[in-house]
Structure formats: structure tokens, C-alpha cells
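Input: a single structure, listed below in C-alpha cells.
Letters A, B, C, D, E and F mark the chains in the order given here, with residues in each chain numbered from 1 onward.
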Amino acid sequence: MIQVTRRYRFSASHRLHAPQLSEELNREIYGKCNHPFGHGHNYILEVTVGGAIGGDGRVVDPRRLDCLVEQEVIQRLDHRSLNADVPEFSELVPTTENLAVVIAGRLDACWKQMFPGGGPRIEKIRLEETGNNSFELKLSKL
Amino acid sequence: MIQVTRRYRFSASHRLHAPQLSEELNREIYGKCNHPFGHGHNYILEVTVGGAIGGDGRVVDPRRLDCLVEQEVIQRLDHRSLNADVPEFSELVPTTENLAVVIAGRLDACWKQMFPGGGPRIEKIRLEETGNNSFELKLSKL
Amino acid sequence: MIQVTRRYRFSASHRLHAPQLSEELNREIYGKCNHPFGHGHNYILEVTVGGAIGGDGRVVDPRRLDCLVEQEVIQRLDHRSLNADVPEFSELVPTTENLAVVIAGRLDACWKQMFPGGGPRIEKIRLEETGNNSFELKLSKL
Amino acid sequence: MIQVTRRYRFSASHRLHAPQLSEELNREIYGKCNHPFGHGHNYILEVTVGGAIGGDGRVVDPRRLDCLVEQEVIQRLDHRSLNADVPEFSELVPTTENLAVVIAGRLDACWKQMFPGGGPRIEKIRLEETGNNSFELKLSKL
Amino acid sequence: MIQVTRRYRFSASHRLHAPQLSEELNREIYGKCNHPFGHGHNYILEVTVGGAIGGDGRVVDPRRLDCLVEQEVIQRLDHRSLNADVPEFSELVPTTENLAVVIAGRLDACWKQMFPGGGPRIEKIRLEETGNNSFELKLSKL
Amino acid sequence: MIQVTRRYRFSASHRLHAPQLSEELNREIYGKCNHPFGHGHNYILEVTVGGAIGGDGRVVDPRRLDCLVEQEVIQRLDHRSLNADVPEFSELVPTTENLAVVIAGRLDACWKQMFPGGGPRIEKIRLEETGNNSFELKLSKL
């Protein structure tokens, strides 16, 4: 059993604002992340797949993972506003915690369709918002 | 003569869109950077000051530069939308080229007030939009 | 359950020297790290907090963690000599292993006072001494 | 219990090609990694040793680990062709998954001879092929 | 006038060997870089274009530069052996100095065809062989 | 003409304190860098050599530069206290500006003895004190 981690990048904007709370409370809770017109980040996404080494000497053909991340993450989030462009965040606050859960859920659902009979598994994702904060989610805990 | 470079970070969003051009032409010119609701980056700013080494063994007290960048750059741009929050970009397209010129102009004007009789000079700034593209501006060329 | 990791920096000096051992044995065991007047590093500290995502979309308000690390780590260690300025190392050799244990102990004790009824937990810390060596400590193992 | 991780570097070339398969199938499976004359990478190897902190304030004398990695990894792989110079890959495809297993096996066997009565253990290795893909192997799973 | 720098990556293998010299002299001059079956690197290429900011707020449409580098550098060098796959090195030793000159020459020639009437210029390239050595070439000095 | 840059690392401690000034003034000028028992850094030194590409395809045999830096910089500064162990700083404040001048002077003097008839030149050095501040010195300005 070995883990393969591949790294991807996308740039997006977001504003942390909980619609059910008052303007004042939002400012207090989220501070500068609540500024009305939003801000943005260069996100780094790392996806870790674990499994046995197959006959080709690899855990998984990396093109399959790249393809999935391109379609499910990059196409939908890159150069987008998380609040305005991504349906999952029409109600949900686009914190990086929530973003990690959304990404993990989409990747995992598609992955299981690609490998219906078992095989390599997406074990965790790690999402970096800036060089100083990152978020890690084990998929067995979803 | 020696050059001191200090590094700063801010996160902002922007949309590349030239108001004088048609929607279609904007999409063609700016591609995904023209997406209507914008996107964002973790910008890295490096400011280089050159000068002689003074009696204290330094070119400049670093707190003076940090203070200036905090007031003129971080306070105005960090966690902001360049298009909506920064007056300079009410008409001007907020490309990183233009952002570099705006930042350099503000820093240089204030610096010259701080050192009216000469002394260390801001020689260049370098602005990184992502790990894969950056912009450098020599201030003597402003 | 998700893990949030935040990164902090401090610069300190240390000398590896066990007072109970002879000069010669100290030189043999610690090599160049035993040089009499010490040396120093830019340490990087990563603190990982794990927990459930709360109603605000976050595991913890990052300002609470930043505040704690500022008070318990940065104020006490940054721009200091570990041997001469930090009481814990008056007897204890300031290896980075021991430094990790000291930092983890202080952070964990304060954290538990901040969240007396449970909630997010500090799960691990990682301390980088140079780009080529680092130390990781799970707090459940303290 | 604490984990110490040390980082090493080597540069090598390889070609992904399974001799038991046809030329065509090799090209299909490995894509550009199958180009006939090979290509290469700057590999980064991280070795993680876990154990209790000893009387000298350390888990292990770092010189012992450095020495082992120098002899078992750097001397044998650095500035070499994995396919042509490394006996383990005379038959085995030199994917980074297989390379990680080979390195882990050699390090672990020697380590156990160095510490026959127990003590610190090599717990995992992580091998980076490029900045965008890496491989991690826990030694308890060998 | 402002400079835009864009970063690209490719992986290749090479062997330093001057055919006009004896085996022994080659080993003496190039050391481990002369090992018979070659080794490889993850090269990083930075291309710097300088010019005035145009009406679109940019020095150059980045897609034009990306396209050129893809066609002239990545397609020809990535996942290749410099010695065996790249005609320029059939006689010439593929040191990174020589590689920089070859890349700069090709980029510059094509660029001048793309901008026959003047405009932005490729001013320098920087080529990183490992994290610890890099090579910079100003194109005005070609 | 091409420039080759090689990167080296050393760890040292220092205290910024000008003996000719009062305690109070030292504290005011140098702030936390004046703490009585010092602190330390992981310094990064980059040395840039420029010249023509020779018959061996290189500007300089890199072993010659590595050897010089090992002898003149690493052996004298690594794991040392700049104030207590380095004669040049018995009177001089060990700011990184002054450290750059000291290093550049020593390297340049030895280099000129190694290449008495001209040839490749050390053109600049760059010294990084932390990831956020660095110092660059052109040797023609010494």
C-alpha cells in the first residue's frame, strides 16, 4: 500500500458572509474576510490516492486523476467567484473548510463510479488557501 | 551601495474588463480573467531599497519601509476587490502590470517625503500574481 | 472532522550542550551544534487543530489560535536565545525535539482552558529547524 | 514519541517501459514517460524516524541517518540512470512507486541492523518526483 | 517599461560528455555528471519579456508567450534525453549553460517573427537545473 | 556572456548592538534584534559568477566555486555566533548588510587569486536572512 499525492492550482474569489446573520455580526465573526466586494486566493489542492501497486508499477494512471480534477474542480472553480458562480455556495459560507468538503464530496462520488469494483481510493485532500493556512480532510470521515 | 529587498503579502480579487470595449472583445482579450464575477490571488510584493550602509550598519531602518507598505498597500488592497474598492481602478483595468505601476507610484511619492534630502531610494518593486507569473518595475523608469 | 493547520515563524539561537556531561563528550555527541557561542535558526511552527465544522463554516476562529501562539510562543521565543532566555531550557538541552515538546505542552494547556467544554483540539505540531529537518509531535501522545 | 524527518536530494534518469508488454502498449500506458531515450528528475527523499526522546534530547543522532542514506541511496542513485545503473530495475519498471519500495526496503533492512535491540524506527518515507507529485510509504506496511 | 516573467517546467535527462576528449578527461572534468548512462533534472525555465503597457493594460498577451514556449521548448525537450533527442546537442555538450543559449536562440528568433515591427522584447531567460544552481542569460548579449 | 548562480546555506546567531552607543539607543535602533543574548537565522547565500562559456560548455567548474565558499564562508560562519566567533565583527555590527560586504570581500579576493589572468568574475552575491528579507551586492560596487 502506497499513497500518491498530486498537486493542482486554481485562483478564485470569495466573501465570507452568512446570510442568516446581521451585517454587524458578520463583520465581527469574519473580520476582513467579510469585506463587501470579496477578495481572492491562489488555492493549492492536493489529492492523495492510496492503493496497491499494480502490474504497471503504479497505484493509478495519473491521467485518470488529472482528468477528474480538471473536470470536477478546475473547470468549475478556476477564475471564478465561489459565492456567485458555484451553486453549492449559494447558501453555504465559502470558507475553505466548506470548500474542502464540497471538493472532496464531488471527487469521491465520481471516483467510485470510475472504480466500481474497488481499487485505489481517494484517501484525503489538502487545500491550501495561503502559504500560512491549509485544511486537510480524510475521506473516510466524510 | 547595497540593495535590501523586503517581501509582503496581500490577497485581493479582480476582474479584467475594459469598459470602453464590447463584452465580446473583452472575453476574447482577457479569456477566463474576464469571468463576470471576478476571481482572486495571493499577491506577493517585493520592495527593493538601495543605498549606502549607514552608521547603524543598515541601508534603512526596516520598520520605516514596513510601516509605509502597511499604510499604502496592505491597508488599501488586502482582502479587497481591486475593481470595486480601489479608486485607481474605477476606470483602469486592474492587470498586475497596472497594479505594479499604482503601487510603485504611491510608495515612491511617500518615500520621497520621508527622505526629502536624498538617502536610500526605492529602486524597484516586483509583484507576483501566482507562482508562475510576476512583474518587475524599476522606479527610475516611472 | 477536518484539520486546520496554521504556520508561524520565529528566529532564535541555541547551543546543544548537556551540562551533566564533559566538554569532550558534548563535542562528540553534538558536533558543530555544540560550538561554545551557539548558532541559530529561522524556525517554522505549524499548529494543527482538528474538529467539526461549526455554524460559521469554520473549525475555529483563526484569530483565537493566532493570539495564543503569539502570546505563548512568539513573545517568548522570537529573537531570543533558547538557552539564556527561556526558563524551560535552563537545564534541558534545547534540541528541536525538546523545543517541540515544550511548545506543545504550553499550547495544549492554554487551549484546554479556552475550550473547557471540549470542542476543537490541537492535534499535532510540526517544527521545522531548517528546510532539511523537521519534527512532528501528536498531542495525544504527550 | 516524536517523529524526525530529514530531507535528501538526488538527480536520476528513468524510462517507464515494461519489457513484457508490446511497444505500442507501453506507449499507451506510460505516454511521454515511455520516450525511448528516457528523461529525468530531481528527486526529493524525506525519511521519517519515530521514537522516544533520549538522554541527549534527540530521537536519533542525525549523522547516523545521514550516513545510511548517503551509502544506501545517494551513492547508488544520484546522477545515475535507474534503468541502466540500478540492479533492482533490470526487470522492474522504475516508477516512483517502485523506487519508493526499493529505497524503503534497503533503508529498513540496514536500520534494523544498526538498532538490533529496538529503538528508533524508520516509520515512513516520502519521495517527490516533481513539485506536483509525490509518493508516501509507511514502513509498517512493507 | 515593465518586465513580465513567466515560469515553465520540463523534465529531461542528459550526460555531460565532450566527444573530442578522452574518457578519462571527461570523467575528470565532469565528475558524476559524466556517468555513462546519464541522469536527469526537473528544469525550471523563466522567460522575461519587457515592454510598455499597452491599451489592454498588459505588456503582452500571455497566451502568445505560453504558446511559443510550448511549441519551441516543452514539445521538444520535455520527457526527452537532451543528448539523444535534441539535434542541437548531437555535437554540443548539453550543459545548462549551452541549453540556455539554445533555448534563448530559438525563442528569440520566433519572437521577432511574431512582432516584426518591434514591440515587447524577450529580455532574458533564467534556467534552473536544481534548487541550488541556475543560469541567467540576457538576450541583448546573444 | 552568461551568469551562473549557486546557492549555499549556513546557520548562525547574531546580536545587533553598536558598542559605541548607549544601551537605550541600541534598544531603540535595533528593537528585538538587540535582545542581549542574541538570536539566529538560517542564512541562504547565492553567489553569481559571470563569464563566457568555455570549451567544456561551462562558465566555471562548479567545484571550484563550491570549494571556495566552503572554505571562506561555511567553515567560518556555519553554526557560529557572528559576534563572538568571527573576527570581522569584533567591532562591526553584524547586520546582514555588513555580513554581505564581509562575505563578498573575502570571496572576491580569493577568486582573483584563483583566476589571476582574468576569466569568470564573481558579479554579485545575495544573502537571505529570512524568507522575507534579503540583501544583494554587486561586486563591481565594492
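Here, a contact is a pair of C-beta atoms (placed from the backbone, for glycine too) under 8 Å apart; a residue touches a chain by one contact, two chains touch by 3 or more.
For clarity, every value in this text was computed on a predicted model and none was experimentally measured.
Student: In this assembly, which chains make contact with chain C and also with chain E?
Tutor: D, F
Student: Using C-alpha centres only, name the chain that sits farthest from chain A.
Tutor: Comparing chain centres, F lies farthest from chain A.
Student: Could you see whether D-E or E-F has the larger number of C-beta contact pairs?
Tutor: By the number of C-beta pairs in contact, the winner is D-E.
Student: Measuring between Cα centroids, what's the chain most distant from chain C?
Tutor: Of all the other chains, the one whose centre lies farthest from chain C is E.
Student: Would you indicate which option in D-E, A-D or C-F repeats the interface seen between C-D, with over half of the contact pairs matching by residue number?
Tutor: Equivalent chain pair to C-D in D-E, A-D or C-F: A-D.
Student: For the sequence-identical pair chain A and chain D, what is the superposition rotation angle on Cα atoms, to the nearest 5 degrees?
Tutor: 120
Student: Please compute the C-alpha centroid of chain A, do the same for chain C, then give the distance between them in whole Å.
Tutor: So the centre of chain A lies 29 Å away from the centre of chain C.
Student: Just curious, how far off is chain E from chain A if you go by their C-alpha centres, in Å?
Tutor: 35
Student: In chain C, which residues are in touch with two or more of the other chains?
Tutor: Where chain C meets two or more other chains at a single residue, that happens at 131.
Student: Can the chain contact pattern be summarised as a line, a ring, a star, a complete graph, or none of these (other)?
Tutor: other
Student: Who touches whom among the chains?
Tutor: Final set of chain pairs in contact is A-B, A-C, A-D, B-E, B-F, C-D, C-F, D-E, E-F.
Student: Which part of chain E faces chain B closely enough to touch in the complex?
Tutor: 1-8, 48, 53, 55-59, 61-63
Student: Mind listing the chain D positions that touch chain E in their complex?
Tutor: 9, 11-14, 32-33, 35-42, 78-81, 83-85, 130-131
Student: What residues of chain F sit close enough to touch chain B in their complex?
Tutor: 16, 18, 29-31, 92-95, 97-98, 100-101, 131-138, 141
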